[in-house]
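Both complexes shown next keep chain A, but they swap its partner, so chain B is in the first and chain C is in the second.
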Partner chain A sequence: MTTVNAPTSSTKSIGPTGKLLTALIVAGALFWLFPIYWALVTSFKHEEEVVQTGIHLWPEHFTFDNYSFVLFNTKIGLWYMNSLITSAAVTVIVLVMGAMAAYAISQLSFPGRKILWWMILASFMVPIPALIINHFVLMSQFGFINTWEGVILPQLIAPVTVMIYKQFFDAVPKDFREAAIIDGATELQLLWRLYLPMNWGITTALAIITFIGAWNQFLWPFLVTTTEPMFNVTVGIYQVTDAFGVKYARWLATATLAALPVAMLYLIFQRQVTQAIMLTAGIKG
Partner chain B sequence: MEQNRRSEITTAAILILPFVIIYAVLFIYPTVQMIIMSFTDAPLIGAGNWVGIKNYARLFHDRLFSVAVYNTLYFVLLSVIPSTLLGLAIALGVNRLKGWSQSAVLAAFFVPYILPVTVVFRIWQWALDGQFGIYQPLFTGFITNNSSIYRYIPAFMPVVAFVTIWWLVGFNVLLFIAGLRNISAEIYDAAELDGATRWQQFSRITWPLIWPVTVLVATIQLILQLKIYDQIYLFSAGGRSDATLSMVQLIYRAAFQHNEGGYGATVALVLFFIIVLASIVQFQLLRWRNNQ
Partner chain C sequence: MASSVELQNVSKRFGAVEVISDLSLTVEEGSFCALLGSSGCGKSTLLRMIAGLEGITEGRALIGGTDVTHTPPAKRKVAMVFQSYALYPHLTVRDNICFSMSLAGERKAKQNERAAQVAKMLQLESLMERRPAQLSGGQRQRVAIGRALVRNPEVFLFDEPLSNLDALLRVQMRLELAKLHKELKTTMIYVTHDQVEAMTLADKIVVLDKGKVSQVGRPLELYNAPANRFVASFIGSPAMNFIIAEVISRKGKSIRLALPENGQLELQACNDSAGLQDAKLEIGIRPEHIHLVAPTDKRAAINGSATIVEQLGNTTYAYVETAVGQLIVEGEGSTQLSAGQSVGLEIDAQHAHLFDANGSVV
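Entry: the complex of A and B
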């Protein structure tokens, strides 16, 4: 193992311990995935098969009945629409607002810039759940209880987005900026035509993670929406399916439908999701 | 030049305006309102009378407040340290793999993280069901009737913490992997040439170098888990039992169920300060790490 002529990349010895560790991590991965697999498989079983004794890792009779039942007997279509609209709105507003503010802080000089930046830094990781009471009071003063606006507004506080954009705008070479200014570009054009396109990767990554975060919100939508047609998916699948009685296959079919969009987003954009998570944690990816 | 300067300020004002308005209306204003409200006997909606520090005095002899603080800290203890250590262990395991097997194993640990909490609840409610749950045979020694393990009060917090770790550990794994990749391979090669054992490599190289990431992960988890509500609410069938109450749940109960906005705001303010303290620690750590 002391071959001196091969000092490149850490060629680890794959001894018995190495094999054991590999087996352990693979077993761990399977254990981690199994509950998801088990829930998925159950959602394709007939309700009678679900309560049979014994473990059937594959449905005896594969069925979509649970899905069609859920689709036709709950308001899941509306919940989907509510989730989609509110999450998309949160994503667009947070990103546009964040990019604009970050650009001003990063590239322009104006009175109060330092104070604004310090306030943003100070609100890093705002404890939103501690503000539920006063958000609710505020939304009721605005008349936004049980509306999309009510769901969206308190989710718009995203100082971390500004911090990340600023970090990336700071890194754009000044030469580009000066060249564009000589060509007569205005500040707004600089932002939309230079700074944002140059950081398109960050924008996608932030958009995906913001959307997933908004889609997955539970506590706030649960407080601010009060009638079934206004629920978003995460609230709806919990609140209403209790009316089914104990029907695991149906519950799990609704859960699968609720998770589908975020799961798809993750599978398609794995790299961006990973990058965005590192960035929001304060680590430059 | 003077004109340029003025136009720069105008542009800046336009650009920061939306953010500043949102920030002022939805963060600063509610925070100030929360502080004022905590000195009143206001209901959830509507004005109240100034009662001084009565709400704060009440915290000290409200049994539910002690229960909520205890449960929140107990949950933090059960979730933060295990999920940090487990995240590191998984990251070390994943980091040994190469190519597609590495991506696949990492994805397996990460995928629960992107699921909504209600979906996580349904998955585990099913897996742990007292009659038909696939994991129920594991608990037959503890449970005599056909109830789910988490219905048994002493097991409640550990089970919810376990499900939370299953749900969120992928986040920790990602941060640790980023940290591990920053450690240069040459250090390990040199150590190997010197005949260092695997354990020595871990304890002398990996652990000291990964320590800052460990502290960061633990603090992020701490801040997150102090706000525990969703999972406890779902697994306790709507938070019916006092025994499993958390701090956010007490805020919810005081304000939304008992219509005591003032007292709810007081509890919220305590939580707010605890989280701000933890955030300051985290921020200092980040600055320290990024300056290295």
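Entry: the complex of A and C
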């Protein structure tokens, strides 16, 4: 009887250390959440209320004016579209290229394999902003300024994706590969039907991380796009400030709108990412 | 349909290390051949060379008379069951079984029809929608066999397929494999380090030692007439006893050997002993060919005292400490013997084997 009761009682009662830890975690979460709350609340205030002295945790007069202004007086719909297309393209291409490069380096035997791997590792050491002028000149020569291609191409340099995929592909027991080879699988079939589905967890995680990274890109799209219809959301926010002066509530409403899809994406897939990574760990065992 | 497998003077080297050395072997079509050997003897490498998963450094491999030395694995008409089963964890049992057909672009209806046939044969019908993680060891094993079966191979290759199962399940799966072979009549090559599996399943055993064939034969041939000391010691459980003895005299095939306490034993060699130079030979005698008698009995060739007695019900094993070392003796289940008791050992000379200093049978 005691053994049956023991787990129930231990899950119900939390000791003093547990309580302290819970309190600390809750405090940390609140501390982290406050700026988001503040931005959100401010976006529903009138501009006059925002610049008033004192801290007002809740709007005196609740308004959607800032949102309707941004939605109807700017090209935010177009910016959304640009962000969505370029981020999705970057995500798909980075994952496909990363997975294929990682598969080749991890599973195939060809001359120069090690050199290629070292080059990818070395490229990880070069900060992307250091290449920004070269990229600009190159895109300009290609005639890609103010185009989606111009926004997308330099963002495809993602050695981390190759490294992570390689690590996961290395961990797939070779029996799976050999069984599939005997079954008649080609290298491409091995990648698409075995290695990628068996590492679906890390693919989902990498897809979300890459998409969020591409969505949040500011410096490069800011440099490569100069006309309003080609802006993405992040550059668009800057445009709102620039064209209409410092208007905090409006600015934060734009920021909220810009961040909303990414936040929702993460919230929707959060559980899936965790589960998927656990599943991938299971395969390795 | 079954095909023969022939290896002609094959060698396999990994850098400077030679794993398989100038090995020739023929597995007749429809036979069940076991590659038996201790860990690291090259038996799995040999199987992988037949499958095409390892290249052949020298020599040729033929399946059904066709040279497949440079043929990719998928085109060799072989199917392999791996020790780890290698079931794709993200696919259901059905999809695992249909994987090869799906890769080949076979129609879904045809895939399902063939999968159903295999599932019926292996009693997998109720498990078709499960994933490998939801199956027991025995079920996984059956799915792995099903995945091989669905390809209609001419040669089945098994790489220690039962080693991950518990003892009881191993016996059960062994029977199922034997039934499957009887039913399909396909050539099967089976790698194992377990001599019981090899003896019970195979009609031909190839004993490998350090990348070379030590002996090829039917199970009882290897047991009753081992070609060398390695095979003699490897086949049989408990292992054969070995006694080093001095040669007193030899005449034709008859050799007289000295035993401790002025004992003597006359044995028949396989060949004429005229050319034999060794002053000492090794007697090999299986536990069931040594009989327990009273120490004073005239039949006792060696005396000793029992150190450990294992009573297994149907049989009794006694570990007897003698002047020539410890000997294992097999007695009847009803044998009354206690540790520390003095015993006499009668050696059944008819069943004794003689080995020279190189380990070759004399």
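A few comments on the model shown:
The rule is short, and it goes like this: the second predicted complex is superposed on the first by the 230 of 285 C-alpha atoms of A that agree within 3 Å, B and C clash if a C-alpha of one lies under 4 Å from a C-alpha of the other, contacts with A are read in each partner's own complex, and residues count from 1 in each chain.
In the analysis below, a contact is a pair of C-beta atoms (placed from the backbone, for glycine too) under 8 Å apart; a residue touches a chain by one contact, two chains touch by 3 or more.
Not measured: the values here are computed from a predicted model.
Of the two partner chains, neither chain B nor chain C is touched by A:71. Of the two partner chains placed by the overlay, only chain B lies in contact with A:237; chain C stays clear of it.
Look at A:84: by the touch rule set out above, it reaches neither chain B nor chain C. By the document's definition of touching, of the two partners only chain B reaches A:116; chain C does not.
In the overlay built on the shared chain, the residue A:41 is in contact with neither chain B nor chain C. Contacts of A:126 after superposition on the shared chain: chain B is touched, whereas chain C is not. Put simply, chain A uses residues 282-283 to touch chain B in one complex and chain C in the other.
Residues 8-9, 11-13, 15-16, 18-20, 22-23, 25-27, 29-31, 33-34, 37, 44-45, 90, 93-94, 96-97, 103-105, 107-112, 114-119, 121-127, 129, 131-132, 134, 166, 171, 174-175, 178, 185, 188-189, 192-193, 198, 216, 220, 223, 226-227, 229-230, 234, 248, 251-252, 255-256, 261, 264-265, 268-269, 271-272, 275-276, 279, 282-283, 286, 290 of chain B are the ones touching chain A in the complex. Within the complex formed with chain C, the chain A residues making contact are 173, 175-176, 178-185, 189, 193-194, 197-198, 200, 282-283.
If you check the complex, the residues on chain A that touch chain B are 1-2, 7, 9-10, 12, 17-18, 21-22, 24-26, 28-30, 32-33, 35-36, 38-39, 42, 50-51, 55, 96-98, 100-101, 103-105, 108-111, 113, 116, 119, 121, 123-127, 129-138, 140, 153-154, 156-157, 159, 162, 186-188, 191, 212, 215-216, 218-219, 223, 233-235, 237-238, 248, 251-252, 254-256, 258-259, 262-263, 265-266, 270, 273-274, 277-278, 281-285.
Residues 51-53, 72-74, 78-80, 82-84, 86, 88-90, 99-100, 103-104, 133, 147, 151 of chain C are the ones touching chain A in the complex.
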